[in-house]
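Read through the structures below before going on.
In the two complexes that follow, chain A is the common piece, with chain B as its partner first and chain C second.
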Partner chain A sequence: MKGKIVSIHSFRGGTGKSNTTANLAAQVAMAGKRVGVVDTDIQSPGIHVLFGLDEDKMGKTLNDFLHDKATIREIGFPIGENASGAAGRAKLAGKNLWLFPSSIRGREISQILKEGIDFNRLNEGLQSTIKEFDLDYLFIDTHPGLNEETLLSIATSDILIIILRPDQQDLQGTSVTVDIARSLDVPNLILMVNKALPKYDFVELRKDIESKFNAPVAGILPLSFDLADNASNDLFSLSTPDHEWSRSLREVAQAVLTLG
Partner chain B sequence: MPGVFDRLNKEIQDKQQEGGITALDLADLPPALRKIMRLMLREIQMNYPRLCEVMDAMPERERLTRDELQGALSTLTSQFWLIRIGEGEKAIYKVNLRRKAGSTLAAGIWSSLDEKLKRNPKDT
Partner chain C sequence: MMGQDILEHLKKTSIFSGLTDEALSDVARSASARKVAKGDILMKKGEVGDSLFLIQQGWVKIVTEDSKGDELIINKCGPGETIGEMALLDRSPRSATVIALEDAEVVELKQDVFEKVLNQRPDVSLSIIRSYSDRLRFSTTYIEKAIDWAQKIAEGDYSFIDQTQPVMSNAKSDDDKATQLLSAFFTMVRRVKEREEGLKQQLEKLTFEIDQARRKQEFEEITSTEFYSRLKEQAKALRQKRLNE
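Right, the complex of A and B next:
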């Protein structure tokens, strides 16, 4: 099947999910692939910031599509044609990368919370995005925890990346997500550890987590003040490619490319 | 006067109002039914010959016989998890996902919030 769906998930908030998703999508686009990123975190969207979009630049959104006010074609924002403003993002000029953002308007978010979501429409949107934009990969940034839209994206994904921190709460939550992913027959499940303290032995940590979940760890990314200092102003792995965080993120991107 | 496409589309929409499957239901399905539903989620809709084609392309251990496939389709359509339009070889199957329910908060809370958000010029 052409066009792989890659869902990025974490059981708890604050794991760096959107940051990771944006950087992974950028790395895969830099490898010459046609890439889409959908923000299905409709109640708390944020990934658009990493691609330099604000409310004024955004145009039509996933919310418009869900309410039949826009087509998928209309909501795809071509990042490669608007790559400017920050050193990292500028490297995406000419690359085939589209963002399908969720609305950041209060009324549109509250409308979704009030009225619910037509999942047939959402799923048709996700699948037609791949066809209409002839994508090699569609990355889905999900809401943390397990809600209905997250479960749908897990159920339709070819590759599920679960992000966790080396923290007992994250480890327990990840167990739940791994169980659900397996019961939904997700073909490829990979783990990514983020915000690991540099004092840890990363080789031992990888071994422990792989053995606990019986799933491969594609990368262990260190807790980084440099990344925090970036404050979502740019795509860190492109602006600071030699940083350890960026090198480890490229390992995860490579795992995605290998599975695809 | 509506054309054939409009009529079929209306038929699908009417049937989609009647229940539907959730992602959690998917996890509880027997493997053969789940396989079909996952496939349908990706393809959105398929006719019977295309389903057979995809089934034949699967590894032998995962493949369903024609009888198993027919039985699975019949179970899924009887639950309204798949919608069948038409009959026999020409039938088209389409996945039917249950809508995410809206909030159960009192309507007054939402209208009050809406009024307040309207005052933000960017939200109008």
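Right, the complex of A and C next:
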């Protein structure tokens, strides 16, 4: 099986998950790979903003596919052909990167939440996405926490990246997610620490977390005002490649590429 | 006595360093002694300079203005020191103002008088051109090095401090500006390095404890549902299927 499914997960909101997912996907696409990004955070979709896709440009969505109203082919939005509006995104011109957005219409969101997602339908969708777009990597941006949709995406993953902040609550929650991932036989588990205060010793922090979870920490990304200032207007690792956050993010992207 | 003094001082002035005693005597003869009273302005910032001063006695201050217009003393110079030597050749505006701190005696070498010596003595001209050329080469070499070092500092590599220091002793004269710059540069790097090491030691250690009982309880809550059992079966079948593809 060629394409790898990479789920990005965090136990709580606010870890910078969508931002990280978009930047990781962009970096892997910059490395010449064929990449898809699925927004399965159907409750609170948001990753489309980072790729410069607004409501006007958004056509058919994942919701339409799950309701059998659209094919995978129809919902893939080619980022490489629409790379404009911001300096970082412009670098993606001509790259093989597609976004599969979730609907931002309230009615469609509540409908799917009421009905629930069928594992087989979602899984079939992910598999045919990889086949039809001949993808090397399919990134899945999930909803925080361990609800049913999130468990579905963890169950289908080849690689699970758990993003956590270095605080007590995130670590406690991550410990449960790690156990779930092992119970569901996810082949590769990567941890990524985000929003770490620069005053902490990153080397020691990495050792501590790796020994607690017996899983590699692929990167520790600092809390950054520069990144906050970017306010989802662009892909920070492309617009500001020399920043420490961007450098550490590339390490995580490299870890994903190594597993491919 | 004073003539011999002037000769000795001129010898130490870098642009005259290559001259023979005989040629230097000719230069020294075209200089004139001047008395300066406390508070007299020897040169003014921005004015075109046309003379060199050799301080015989007393002290002067070299001043400029800070951003608010207040006087800022850059340096003080005393007996045996030279000020304004570059003006003899390039007629550039003075970079600072010089004021006598007390009654002082200076020897002034005027540019027009000096130029006469140059016209009469090609050997003096040639020697001065050579000394300028030397200085330029020396400065260029160190500017190139400084660029290289600055890049290393930016990358956090300070190893060059230990490797490069002996080169410093090759400096040609005590008052060479390049030497001063390098000395300041090395002091700066050493301090930055020290501060950085100090900061590294101050990094705080962050540790966590995971509540294992809670971890187990939450895991069981999720995995004990019928949904989860079905999902686990489906995931297992899916992985098996993908393995076979």
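Criterion: the second predicted complex is superposed on the first by the 260 of 260 C-alpha atoms of A that agree within 3 Å, B and C clash if a C-alpha of one lies under 4 Å from a C-alpha of the other, contacts with A are read in each partner's own complex, and residues count from 1 in each chain.
Everything below uses one rule, namely that a residue touches a chain if its C-beta (ideal position, glycine included) is under 8 Å from a C-beta of that chain, and two chains touch if they have at least 3 such contacts.
Since the model is a prediction, treat every value here as computed from it, not as a measurement.
With the C-alpha superposition on chain A as described, chain C and chain B clash in the combined arrangement.
By the touch criterion defined above, A:E55 reaches chain B but does not reach chain C. Shared-chain residue A:K212: touches chain C; no touch with chain B.
Shared-chain residue A:D118: touches chain B; no touch with chain C. In the superposition on chain A, contact of A:L259 is made with neither chain B nor chain C. Of the two partner chains placed around the shared chain by superposition, chain B and chain C are both touched by A:D185. Of the two partner chains, chain B is the only one touched by A:S110; chain C is not.
In the superposition on chain A, A:L152 makes contact with both chain B and chain C.
Clashing C-alpha atoms with chain B appear in a single stretch of chain C, chosen from 19-27, 37-45, 199-207 or 235-243: 235-243.
Touching of chain A by both chain B and chain C, each in its own complex, is seen for residues 1, 119-120, 123, 148, 151-152, 155-156, 180, 183-185. Here chain A touches chain B in the complex through residues 1, 5, 55, 105-108, 110, 113-120, 123-124, 127-128, 148-149, 151-152, 154-156, 180, 183-185, going by the rule given at the top. Contact residues of chain A toward chain C in the complex are 1, 119-120, 123, 146, 148, 151-152, 155-156, 166, 168, 171-172, 175-176, 179-180, 183-185, 187, 199-201, 204-205, 208, 212.
Across the complex, chain A is touched by residues 16, 20, 22-24, 26-27, 31, 34-35, 38, 41-44, 95-103, 105, 110, 113-114, 117-118, 120, 122-124 of chain B. Contacts from chain C toward chain A in the complex involve residues 202-208, 210-211, 214-215, 218-219, 222-223, 227-228, 230-232, 234-236, 238-239, 242-243, 245.
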